[in-house]
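The letters A, B and C name the chains in turn, as written, and every chain counts its residues from 1.
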Amino acid sequence: MGIIALLTDFGIDDPYVGVMKGVILSINPNAVIVDITHSVDKYQVLQGALILRSCYKYFPRETIFTVVIDPGVGSMRRAIAIRTSNYVFIGPDNGVLTPAAFDDGIIDVYEIRKYTLPAVSKTFHGRDVFAPVAAYISKGGLIEDIGGRVSVDSITTIEVSGAEVHNGEVIGKVIYIDSFGNAVTNIHPNNLKSLGIDEGGLVNVEVNRVQYRIPWVKAYSDVKQGELLIITNSFNYIELSVNQGNASKTLKLEIGSEIVVKPCRQQSL
Amino acid sequence: MGIIALLTDFGIDDPYVGVMKGVILSINPNAVIVDITHSVDKYQVLQGALILRSCYKYFPRETIFTVVIDPGVGSMRRAIAIRTSNYVFIGPDNGVLTPAAFDDGIIDVYEIRKYTLPAVSKTFHGRDVFAPVAAYISKGGLIEDIGGRVSVDSITTIEVSGAEVHNGEVIGKVIYIDSFGNAVTNIHPNNLKSLGIDEGGLVNVEVNRVQYRIPWVKAYSDVKQGELLIITNSFNYIELSVNQGNASKTLKLEIGSEIVVKPCRQQSL
Amino acid sequence: MGIIALLTDFGIDDPYVGVMKGVILSINPNAVIVDITHSVDKYQVLQGALILRSCYKYFPRETIFTVVIDPGVGSMRRAIAIRTSNYVFIGPDNGVLTPAAFDDGIIDVYEIRKYTLPAVSKTFHGRDVFAPVAAYISKGGLIEDIGGRVSVDSITTIEVSGAEVHNGEVIGKVIYIDSFGNAVTNIHPNNLKSLGIDEGGLVNVEVNRVQYRIPWVKAYSDVKQGELLIITNSFNYIELSVNQGNASKTLKLEIGSEIVVKPCRQQSL
C-alpha cells in the first residue's frame, strides 16, 4: 500500500500541497504520491465528492485517497479513514468521501486520533492530520491503529441526486463543467433509453428555456467543428459538448443549470 | 524504460491527468511519471508539437513521451507509437509527435491495437489507449506487440515553417509566448548571421508596423529592467523579451504575429 | 539524499519545469522530485524566500531545495549551494535561500562551478545549472566538489522585516495572500501578547483607514460563514481571514498593505 492520491481545493499556487508531500515523504520516503487535482472550487464538498467518485476506480487497488476539501477544519467535525473493498479513503467527515466509498463497498470506518503530527493546528489538517495518517497507512500501518472504530451509520453522507424521469421527459442538471467547457449532467444514458431515445439519433434538449435538436453521438468528431452534441462521456454520464468548442460558454451553462431532455418526435411548444 | 513524460491540453483543473496516472500505476506500479505541461492550448496540435520538439532531448534515453492533444479522439485517426533513436513517442496520428520524432530519427512506427484498457471509450483515449500502452512499454513490453507496423510515409506530419530570408530581411513569426511574456519566434540565430547581424549589436525589428532598434544580447540582464531585447533563447530560437517585464504585452504580440528583422545599418522607411 | 524539492516562478504552463525534471532524472533516475510551487510571482525574490522559509521544515532531512526565482540569470550573480544543519539549498545568490538557510543554521556555502550541463545558457540556469547540480548531490555527490567554498558573509541576504510594536500598537503588513484570500501578515502572536491581547478575545484591527473589531479565534469555523477573523495560521503568523470567504477581496488587501492591531479596550479616534 504505497500509493497516495491527493484531492484538495488548495490550488497549486500556494505551498500547501507541497508541504503535505513533504510530510508524507518524511514518514514514508517510498510513498508514491499522485495528484488527482487541487482545483476543486474552494469549500465545494459536493464537487469534490463527484470528482472522487468518477475517478477512484482507475487507481491501483490499495491506493490511499487523501481528500482535503474541508471548510470545517478545526471545528468538531471528525477526521476519518474508510476502508472499502479495494481502497482506503481519508478525509474530513463531511461527506466528501462517501459517494466513492459506498460505491466501492465500505468495510469499516475509523476516527483518526493517532499518527498525526505531534502538534495539530486548527487550520491545516491536510498537513497535520491527513497527510501523516495516509503516510502511516502507506507504509503498512494498520488502519485499526489510527483511532476508534465508528459506525458506518454515523458518518456524514452526501446526496448525489440523479435525474428525474416523468411525463416523457428527463429533468437533470449540470453537475460539473470541465476545462474544455463540456457540461456534465446527472443524466445517465439509461434515463434516455427509458424514453426510447437511442444513441445515434437526434434528441430534444431544453436549456435556459431554449429548445435545441442535438445529435446523441459516440465521438465528439461525429459532428462538424463548432456544432453541439450530447455524448455518453468517459465517466458514463450524458454530457453537452461542442466539437472543438466550449459548450458551457455557447449555452451559458453553470453548475446547477437545468437540462430537460425528451425524444425529438415530441413537438416543442 | 520506466519514465513516462506526459504532455496534454487537459489542464490540471479536471481529474483527467490524475486518472491517466492512476491507469499507468495500475499497470506498472514502478513507472516514474513526469509532467511536461498540460497547458497546451486546447486542440492546438502545432503548439504541442513545438513544445515537444523543444524539450524532448532533455529527458533520459528511453523516456516514453505520451502526448494527448487529440481533437480527433474517437474518429478514424490512428493511435500510434513511434520508436526513434533514443525514445518512444505515443499519441494520436495527427502530427503532434512528428517534429520531435523526425528530429531524433524514426526507427519504426506501430498502430496501437492492443494493451489498451478492456473497454475503450470514444472520448478519452488518454485514459483508455495512450496511458495503458505507455505503461505496458514502460515495464518492458515490446513495441512490436502493440499492433501492426505501419509505414513512416503513412503518418501525418506537421509543417513547422522556418523564417524566410530575402531582400536583406528575415521574415519570421511568433510561434510561442511563455508565461513571462517572452515571444519565441521561428527565427534561428543563423538566419540573422546570414545577413551579417551579430550577437552583441543592435538590430532593426519591425513588429505591428513599428520599427524598433533592439540590442541582441546574451543575457536578459544585459539591458536595464523594462527594456526590450532580443536573445537566442534556451531552445536556440530568437526571442523578443523585456528584462523583468512582459514583451508580448508591451508589443501586443500574439501567436502568428509577423516579425521582420534586418541589420540596423539599413534605414527604416 | 534523494529528494529534490522545486520552488520557482516558472509557472506550469510552459515546459520549463518539466525540462528541469528531465535533466534531473537523466542524471539520477532514482531522484524523488517534489513541487513546492511554481507560482511565485515572476521575479519576486522576497515572496519566494518567505514561502521557502515557511515550509522547508516539513520536508525530510537531506532534502535538496532547488529554488529558481532568478531575475539576474546570466548576469554576474553567483549560483550557490548552502549546506545547513539538515538540508541543502541550491539557487541564485540573490537572497531567496537565506531566510530558510539561516533559520536552519548554515554550515557552509559553495559557489557552483561544476556538474552543470556541458553547455550553460545565459537564460535558463534552472535547466543548465541548478537541476544538474541538485541531481548530482541527490545521488550522493559531495557538495564540496561542486565549486569553491565561499564565506557566509559574502552571500546576499534578504531582510524579512517583522512587525513593529510601539505606543500600544502593533504595526505590521501583509506579506502573503493565499489562494483562499487569507492575508498573512508579518505579525507574530507574541507581538499581540506583548500588548496583553490574548487569543479568544476581540482585537482592534485597522486596515485601509477603517477600524474593525475582529475576534482572534483558533479555528476558521469559530465564527459564522462570511465573518472576519484573525488567527494564528499554520506557519505561526497572524492572518486575516473570512470563514469560507475571501478576506483580501473583502478588505481590499494587497501585499504590503499596512495592518495596525491594538487591544479592543482602546477607543478608536
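Everything that follows uses one rule, which is that a contact is a pair of C-beta atoms (placed from the backbone, for glycine too) under 8 Å apart; a residue touches a chain by one contact, two chains touch by 3 or more.
A quick note: this is a predicted structure, and the numbers were derived from the prediction, not measured.
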Same-residue or different-residue interface between subunit B and subunit C, half as cut-off | different
Fit subunit A onto subunit B over the CA trace and report the rotation angle, somewhere between 0 and 180 degrees, nearest 5.
-> 120
Whole-Å gap separating subunit B and subunit C, where each centre is the average of the chain's CA atoms | 32
Multi-partner residues of subunit B (each touching 2 or more other chains) | 12
Which bits of subunit B are touching subunit C when the two form their complex?
-> 2-3, 5, 7, 12, 32, 34-39, 51, 54-55, 58-60, 63, 178-180, 218-222, 231, 233-234, 244
Please name which positions on subunit B make contact with subunit A in the complex.
-> 10-19, 21-23, 25-26, 29, 33, 42-43, 71-75, 121-124, 127-128
